[in-house]
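Okay, handing you the structure first.
Each chain gets a letter, A, B, C, D and E, in the order it is written, and its residues are counted from 1.
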Amino acid sequence: MQVKKSWILLAVIAAALVASAAPAWAQAVAPKTTVPIDGEYGRFFSLPTDVSKNGHRIDNLIHWTHAFMAVLFVGWGIFFVYCLMRFRQRPGHQAHYELVHAKPSKYLEVAVLIVEIVLLAGFSVPIWASVKNDLPPADKAFRVRVVAEQFAWNFHYPGPDGQFGRTDPKLVDTATNPLGLDREGDPHAKDDIFALELHIPVNQPVICDISSKDVIHSFFLPVMRVKQDALPGMRIPVWFEAVQTGTYEVACAQLCGNNHYSMRALMYIQPATDLEAWLREKGKPPEEFVE
Amino acid sequence: MAGAHADISKHKRAYYAVFAALAVLTVVTVAVAQFHFSDVGNVAVALAIAAFKASLVAAIFMHLKWEKAPSIWWALAICGIFFIALLALPVLTNSDNPPQVQHTMWDVRAGAAPAAHTSH
Amino acid sequence: MSVAVLPHTVKPHPITGVYSGKLGIWLFLASEVMLFGALFSSYVLLRVGAPAEGPAAWPSHADTHLSWKIGGINTLVLIISSVTMVMAWAELKMNNFTKGRWYLAATLALALTFIVVKLAFEYIPKFQHGLLPSTNNFFALYFTMTGLHGLHVLGGVIVIAWFLLPGSGLWHKDPEYFTNRIECTGLYWHFVDLVWIFLFPVMYLL
Amino acid sequence: MTEAHHHHDDHHHHPELGWWRKYVFSTDHKVIGVQYTVTALLFLLFGFTLVMIMRWQLAYPGKPIPLIGGLLGKTLANDGTLLPEGYNALGAMHGTIMVFLGIVPLIVGGFGNYVMPLQIGAPDMAFPKLNMASYWVYFCGGMVMLLSFFAPGGAANSGWTSYAPLSVVATQGQTWWLFGMVLLITSSLLGSINFIVTIIQLRAKGLDFFKLPFFVWSQFVTAFLLLLAFPPLEAAGALQLMDRLAGTSFFMPEGLVVSGIVQPYTGGGSPLLWQHLFWFLAHPEVYVLILPAMGMVAEVIANNTRKPLWGYRLMVYSVIFLGFMSFIVWAHHMFITGMGTRISAFFATTTMIISIPSVIILTALVISLYRSSIRYNVPMLFALAFLPMFAIGGLTGLPLGLPAADIQLHDTYYVIGHFHYVVAPGTIFAAFAGIYHWYPKVTGRTMNPALGKIHFVLSFIFINVVFMPMFFQGMAGVSRRLFDQTFYQHGLDVQGWTQLSSWGAWMLGLSQVPFIMNFFMSLRAGRKVSDNPWEATTLEWAAPSPPPHGNFATVPVVYRGPYEYSVPGQKKDFFPQHLAKAEA
Amino acid sequence: MRFSVYSRNVGFFGRPVWRAIGGCVLGLVVRTAAAEDTASIKGKALFKGESAKYVRHEVPTDKDPNCKKSKAKIGEYAVILNKKDDPITIRNVLVSVKEGLGDKKFPPLTDPVKLTQFGCEYDPHVVAMMSTQPLKVFNGDDTNHNIHLLPAKNSQENFSQPVKDLEKGRELKLVAEPPFFVKCEVHPWMGCYIAVFDHPFFAVTGEEGTYEIKGLPPGKYVLEAWHEKLGTMTANVEVTSGETKETDFTFEPDKK
């Protein structure tokens, strides 16, 4: 009986400690950003808003996998708790030396294997193949080059001629020409547009060519179910299609140095006409700056 | 492993024979390298000779020919498998890039002189 | 009971067939295989992925300025040292301590020869000509891999020198124990030779 | 030091050993085991302190750290407020210290060293001097890591993974880190050779491989993992040192522009090469963290269910298979680097395959409870808690192993939750079970069960408060290693979970107070017990408590398997391995 | 609200308080150079050429919305001309004594020099300081800044200031070094220069395009004018006790 009392006492202590944490939990943190971000971001074990055409496939896979995990855990947990209660040591109770022939466990293991094969071969591999190999044709897609650096995302648009200008590391100037665009030497570079925010069209496939100037970053669009490491020395395309307009975030998902956490950019998903207007505005020669 | 003196004397002859073989093969591998078969061919020949030499060293000098201890063989077998994995999988991974991946991030090399006008 | 008496340090285990030291050195060699394996893997990856042109391109034979003659001589030096090493063990096994010791001394001399040749005819002239590890990835790998191999040779030199001079007292206490230790040293030494057998064509010929 | 109080009896037997040789530079596996355990526990405490500091910044970004903020110095903090560089340094060192200086030395160097030779009936490890060297090299490695905090720019701050090129251009602390790692790797190599040779050569007469306790099996496989997986990291460390110190370009591609300056590297290197070599070690390392824990849990469960383990052979085959497969799954850490379809399918498949033996071991341990007689003592509570906690850790690995699901979850807090569930309430609970279980063998006294139960309940609750919210954060898309997640909207929206998690961490820290008290107080005040207080069957309980130098008074001979409990027709419900006949 | 950028750095040497203290110290420490024995050099940084080519553009700062809060636009730092002046003057030209001081002694400056990150710009854009002075770096924004010094001699300081702090700041000690670039790792457009001297004879041109170096002991000097884009010019000047000499520097970037 004494044991039971002490357990109750422990539970009370624990509850008190949890309760002491609750006020802190409720404490709100002021938002750091002045631009309102669209979308819902999970408060309790849910994925963020999905504004992409194909993201639901990944979501489904995650949901099905979690359902499978939950079934396994709950079923297995019921048996576990049953054993803990039923076979506790007490007077008159003895352990059995003989081992049970646990056929169910074999079935369980085979079932786990089969479900895993289904999840892998039936869902994951086709999604992965489509993400990697089914790049939309160049004439249909809106193409942006994304160049990561410590600690900013640089977005490079080809401009009206549709051709990306030549880039040269020696021409990089952190303030005025972070892309190292050869504006003097290459005619295609003259009309290229550089921005620190990502503007993309809605309902049109977008291809982003991800690269990095210095260390490894990771281009992460939570609402688009897109993540791709930005590796220096490589230019890796990813593609997606937005189905909803709004303002969202571009995150860096790979530790890239001291200010990794502030390497955020904004992503504006716009109707094609708005996007064109923005690009036109951006493409104009910069105005003289007057204080 | 037998410790009798007679066995050791036999071993000694094997040692000299292996030494001769190794010396000759060293000359052969240098000689063969002077000819150019093909990129793959040269690598294959040189590595085949090296592997043969290495197995001679392992078998005779390191007494693997007479080694019976299963534990040593197990350790070497496991090590061999992982060695192959370590050698093959990184390069296989890098060679399985999806289409349209480019192995450059600049259009002009860092070390190159500023390029003149070129048409795309 | 004050000092634990460990079985199988000298005599082979009746079932496994080895004494502990020998199994230990083989396991150590297995880990060494993985160590050099990682470097060879890096070599393959970097060579396959090297750009076709530019300063980072893989250099041609002419650009590496590595002489197969010096490399070949060093190969022979190491091969001979392997023979003397195994002969040292064989003589000790046949109870010829003096002869065995001479072979050991010869091994030591050859190992030192290897190091001297490596430094005097390869490393130092390369540095003087401005061919540094940072020159390109070939030289980076060349200096790292041969340097690591050189450190292994140096380790061997220390161990052999130990058994040649202060460590040889063990022979008078327990000749079999001493012979076993020379066998283990030999296994290590042959492995160092074996690594060089691969390094030579990879660095000098391919 | 803990040994010091308990060797009064055999002091006069061997006066030739001075204090230094007996307790500091000892070659006795038990002294070395205790040295490892105490050092590793101190490092665990230190590593946990680091993360408690970090959790303050995460919960209350930009607020000065209470109590200890002023101790952090100028590099890591400003007026007691943690800086991003300080956060990254603490993060990198937390990972490094926990994995390489805490858990592995505790469960391999500590428990492996102390228990394994006893369990196989050996007088000591096969190479006692090597064993001593292994500890002292580890100790030096730990000191290098600690001293690196005082390097200019602070300790290494590129994450415990040290991804190049970031680590190559990082501050000087990274060089210290690499030197420290080389020492730690060397220590592990010496240790693993010793373990394998000891298990192969020094088993007691009659102790076949399939009569070995499961813990010995897990140590055996673990030693192989350490032996063969660590050298590639040593090579990678050498390459990174070359990149940092000699200006080579192993991991540096052409045309790197850092801070607007074209870097002087020739280029031609591959950043992915580092990841391959690193994960070639670090994935097996994950199994180094978990396999001995499974071994300990199996020991405790078999002992306290008073019943043989279900599927012992199956578990042994599973653990061998796990060890083997762990070498060819590493690139599942690299799906997002731009991997193609074929190779990702290969690594995803091996990852799915490797989950099966884990499921088998876990299932076997649970089935072992069926028709048993469960004795709820403190080690058993920790061992039982290990099972669902490890299950959560293992199951959440599933979506991460599927490349498509990994797109969303990679490098988010989901990953943090996943592997912490494996190593914190998994391995560390197993280690607690081990400490409570073998404490009587080491000291001849038991730890206080009431304090132990308080420790267990509080730890169990708060460890879940710490790690469960991480899954919610991860699902919401919050990236790991963020100094201040409220910078992002999706981070701001789940900030409440972060704060709860932080409170959980601090409460978890408080929950360890009963354990620390118990650990030291029981040295003197613990109840004195017999040589075999748990009525166990394995050989370590046949030796006196604490075992003298040389371990066994008479060399034991083994007659039967390791877990002969409740054998029908026996008077007692346990039948030790070394008894020829049951006691009448 | 804009900080008065240029007066802050140039002016402190001319501040009456300092002049008084400096004079006392000078009188006490260096008996040969009493306050009234010193000379001054002043002048302008002038521009000659196609001023229309030197247009200051707005830089894209859309990365961090918190920057926009403090200012509508941020201009690039290239060549900033005071085009209303006639002749046109140049801002951010650093004028300092390059040669001629020899073994002459002068009182060290000890006031902290302030460098503020405000509105996602560095204020001032060219920091000139004496090696005896501490540099204090402040963050006046509701965002994270990470200052990164890229010097040759000094250590490569690289630290972040995630919290707004206009009071305490981070203090740095620097040794003498010609102007070196400083950038913000978070906001790519942010850049400034720091020059550290072993002597107190330097000045930076501001909105007027003028500079003044005071308290010089009489003698022959070589003055150097430095601009981040336009390069350097030198001039030989000889000053006598109590004299104020005018020396202008005319940059002609298009004449090559």
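Brief remarks on what is shown
Keep this in mind: a residue touches a chain if its C-beta (ideal position, glycine included) is under 8 Å from a C-beta of that chain, and two chains touch if they have at least 3 such contacts.
This is a predicted model, so every value here is computed, not measured.
Chains touching both subunit A and subunit D: B, E.
Taking the CA centroid of subunit D as reference, the farthest chain centroid is that of E.
Averaging Cα coordinates per chain and for the whole protein, the chain whose average falls nearest the overall one is D.
For subunit A, the chain whose average C-alpha position is most distant is C.
Among the inter-chain contacts, the highest number of C-beta pairs connects A-D.
Per-chain Cα centroids separate subunit C from subunit D by 34 Å.
If you average the Cα atoms of subunit C and of subunit E, the two centres end up 61 Å apart. Inter-chain spacing, taken between the CA centroids of subunit D and subunit E, is 55 Å.
Listed for subunit A are residues 32-33, 132-133, 149-150, 169-170, 174, 178, 180, 213, 232-234, 236, 257-259, 261-262, 264, each touching two or more other chains. The residues of subunit B that reach two or more other chains are 71, 75, 78-79, 82, 86, 90, 94, 98, 101, 103-106, 109-111, listed in rising order. Looking at subunit E, one finds that residues 144, 146, 158-160, 162, 183, 185 touch two or more other chains. By the document's touch criterion, interfaces exist between A-B, A-D, A-E, B-C, B-D, C-D, D-E.
Of all residues in subunit A, only 6-7, 10-11, 13-14, 17-18, 20-21, 24-27, 29, 31-33, 37, 39, 41-48, 57-59, 61-62, 65-66, 68-69, 72-73, 76-77, 79-80, 83-84, 87-89, 93-97, 99-100, 102, 105, 108-109, 112-113, 116-117, 119-120, 123-125, 127-129, 131-133, 149-150, 169-170, 172-174, 178, 180, 213-216, 218, 220, 222, 225-229, 231-234, 236, 249, 251-262, 264 touch subunit D in the complex they form.
Residues of subunit A touching subunit B in their complex: 132-133, 135, 147, 163, 166-170, 180, 182, 185-188, 209, 211-213, 232-237. Within the complex, the subunit E residues that touch subunit D are 144, 146, 148, 150, 155, 158-163, 165, 168, 170, 183, 185.
Touching subunit A in their complex are the following residues of subunit D: 59, 61, 83-85, 88, 157-159, 163, 165-166, 169, 252-260, 262, 267, 270-272, 305-308, 310-311, 336-338, 340-341, 344-345, 348-349, 352, 355-356, 359-360, 363-364, 366-367, 369-376, 384, 387-388, 391-392, 395-396, 398-399, 402-405, 407-412, 450, 453-454, 457-458, 461-462, 465, 471-472, 475-477, 479-490, 492-496, 499-500, 502-504, 507, 510, 565-568, 573. Against subunit E, in their complex, subunit D makes its touches with residues 61-62, 78-79, 81, 83-85, 152-153, 171, 259-261, 483-484, 487.
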